[in-house]
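Pasting a structure here, questions to come.
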Amino acid sequence: MTVLSLKSLTDAELAARVARDIPDGAYVNLGIGKPTHVSAHVPEGREVIYHSENGILGVGPTPPAGEEDVELIDASKRYVTPAPGAAYFEHADSFAMMRGGHIDIAVLGAYQVAETGDLANWATLDDKFPPAVGGAMDLVVGVPTILVMMRHVNRDGSPKLLKRCTYPLTGLGVVRRVYTDLAVLDVTPQGFRLVELTPGNSLDAVRAVTGADILT
Amino acid sequence: MDKSVADLAEAVAPITDGASVMIGGFGSSGIPFGLIDALLEQGATGLTVISNNAGAGETGIAKLLKEGRVARVICSYPRSPGSIWFEKRYEAGEIALEVVPQGTLAERIRAAGAGLGGFLTPTAYGTLLAEGKETRVIDGKGYVLEAPLHADFALLRAERGDPWGNLSFHATARNFNPVMAMASRHAVAEVRELSRAPLDPERVVTPGIFVQSVVEYGVRP
Amino acid sequence: MTVLSLKSLTDAELAARVARDIPDGAYVNLGIGKPTHVSAHVPEGREVIYHSENGILGVGPTPPAGEEDVELIDASKRYVTPAPGAAYFEHADSFAMMRGGHIDIAVLGAYQVAETGDLANWATLDDKFPPAVGGAMDLVVGVPTILVMMRHVNRDGSPKLLKRCTYPLTGLGVVRRVYTDLAVLDVTPQGFRLVELTPGNSLDAVRAVTGADILT
Amino acid sequence: MDKSVADLAEAVAPITDGASVMIGGFGSSGIPFGLIDALLEQGATGLTVISNNAGAGETGIAKLLKEGRVARVICSYPRSPGSIWFEKRYEAGEIALEVVPQGTLAERIRAAGAGLGGFLTPTAYGTLLAEGKETRVIDGKGYVLEAPLHADFALLRAERGDPWGNLSFHATARNFNPVMAMASRHAVAEVRELSRAPLDPERVVTPGIFVQSVVEYGVRP
């Protein structure tokens, strides 16, 4: 299989690649899962303010063992601390920040991304598996820059980058850029456009595991 | 004015079978575990539970689900690590589930508390969760009309309360508690510390007008 | 003129009459003008919590001279103090209290009240006079018990209690009870119904200065 | 992060002719008098002013009206004791006036800040102020559809601020300031005290994400 000849970034390498694109002074929401690792990789000297939808702006590092506060967590339910300049607030205010366009960047995981920028990251087609939408739909309509970070293909080798999503959508035409273990792609009016290949991969090999065209 | 009640049992006594009950909290924070346990003991059943999550492990909302007290769940994120009782009841078809995007859930609750008849939100436009709902496009952007979400009761968790029903919170335990206080006919707050002196008016997060009773429950989870 | 033979309550007497009907534990909004005087007359032993739409619940008495705080005022722009149990909040929250049905009673002044409960208290028909609506329209749709206190007639002797208002409406069918210097009247599905005449007035004399029927 | 600016002039420098400007305050409280004076000096004209009142005496918004800088006023209560400059400009037909019920004004501003496309409010249903607006009846109660109200700038008055833009307020000076911070593209706050240390996260009323610059102005009116 073609997929086996590709060289994947590790999760940490992927997080570091995304982090490079987070500018100083940005207000950023990190989705649960892989995106939470981005904050650990933001280059020194940049002050990034993290929003967590459960009511904190200015999420700081994990507390030392033994100093956890069960009532001070992020949206992934991990223990956190307040960064300097942090604020606490309730849920309606928190989602006003998201929906109202105040957050600059959100980094989200995805099941599927379409070349139109459609995002599917909340429900599969499995009836038995109860759907759980959380705050993803609010983020994608309000945050001007939606970045997706994910594996380029599913475990079975099937593509996650598609002409059209087959899973229920989170939002229409919302994704700006996709970071995978194989490539970085912008979503343009013409479709996916290559920004860069991750080290050791050829465009042909990446195209072979992508369910849509890649423009260059 | 004294809205304090002596114990958790008295606080949840008014809750009847079939009532709709908002329950504050997100993940492990800001959940009124004391009141939920008292509600279990009290016995009310056929409840509609409105909460962000549907419980995890064997405590809180998970215990209400395990004991078969819940007929319907309205929430944004029912499936979490350890949400086994929710999953069991859901797969067995024993509970009705309405999944609402988290911000829409908060805003629908706030709209009820604020006396609004509904609002237009861009959230969920063009998705499965907007199916069957009225939509409109304004300046090229699609919106979904969402209705206010009221409840008979709210169970809240706060850090500090006073006899006037004023509440303040600790860190991210605030979450849904303030909007739920507004949207329910009868809001009950368990507070880690019940102060006999009034809270500082500058530090009140939920003004007492939204709270019908306050009970001290010193345990921090 | 008939009006001259009537015996009017003073403003203080009228305020005291309204105050008698404010129960212990009520959340009350007092409109600007005459209604602000009601709080001074609530009988001893009752704790009434006053809401002022500019962001305070628990309005206390006027501060002593020299201790005024220009940033601690009520909706009438009078200096106030916080009562025990008071809270400060912003405008959207303040009007959520009003519109959302959380306040029990509002006492408002009026230009006109119709037998249908329609209230006119914000604009006249004078084009030169700029309209100023303030919070009255929000109060009347949200507060379940709207009490009006006003003079029974205008200075020129014309009636303020009417079959239909001639001034622009503040709200439709919202007034529960009207307290005037001549009578207390409930608004019922059948129209105004007499609760009591103020001392020294006959029903016939009051009827003569009222622009609608008074049921007994 | 440092959102503090050196003086009032720098804070209002970005405001252009024809801009819409929200100005916090109710009566005499919570008005950014320092920023308004700086705006007068700066010279921007043809402004749309969105505020609860339209000024009184010869200060604040009244001075902007007196100097002919205002083309349009959106407010709930323009006529107050001493609002002579508003009345003069209004009677002379020199300003456009939109009167909005106070709660609807606050809610329209909040809706803009919260990214909503509008809301249904019972306020003003059946009155002159609902004329020409879409209405509907839900469960027998009439509602008016109201649109969000955005602005280019907001001038705010707060008690305390920090370099991250976090704000806290004093007593009833809070009023419209927090919602206006949310609804404007560029919110400027004058604060009585600019703290170099961050404010206590529990005491922040307006989180810094809503504020673009902060300037110290120690005078309390």
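For reference, chains read A, B, C and D in written order, and residue numbers begin at 1 within each chain.
Here is the rule we use: a residue touches a chain if its C-beta (ideal position, glycine included) is under 8 Å from a C-beta of that chain, and two chains touch if they have at least 3 such contacts.
Keep in mind that this is a model prediction, so the values were computed, not measured.
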{"item": "Chain at maximum distance from chain B, centres defined as averaged CA atoms", "value": "C"}
{"item": "Distance from chain D to chain B - Cα centre to Cα centre, in angstrom", "value": "33"}
{"item": "Length of the line joining the C-alpha centres of chain A and chain B, rounded to whole Å", "value": "28"}
{"item": "Centre-of-Cα separation between chain C and chain B, whole angstrom", "value": "36"}
{"item": "Contacts with two or more other chains, residues of chain A listed in rising order", "value": "56, 82, 88-89, 92, 95, 98-99, 141-142"}
{"item": "Touching two or more other chains - residues of chain B", "value": "107, 110, 114-116, 121-122, 169-171, 201-202"}
{"item": "Chain-chain contacts as defined at top", "value": "A-B, A-D, B-C, B-D, C-D"}
{"item": "Interfacial residue positions of chain B with respect to chain D in the complex", "value": "107, 111, 114-122, 136, 138, 141, 143, 168-171, 201-203"}
{"item": "Contacting residues of chain C [partner chain B, same complex]", "value": "25, 27, 47, 49, 51, 56-58, 82, 84-89, 92-93, 95-103, 141-142"}
{"item": "Sites on chain A touched by chain B in the complex", "value": "52-56, 69-75, 77, 82, 88-92, 94-95, 98-99, 123, 128-138, 141-142, 168-172"}
{"item": "Sites on chain D touched by chain C in the complex", "value": "26-30, 52, 76-80, 86-87, 90-91, 97, 99-104, 106-107, 109-110, 121-129, 142, 169-179, 205, 220-221"}
{"item": "Residues of chain D defined as touching chain A within the complex", "value": "1, 110, 112-116, 162-164, 166, 182, 198-199, 201-202, 204, 207-210"}
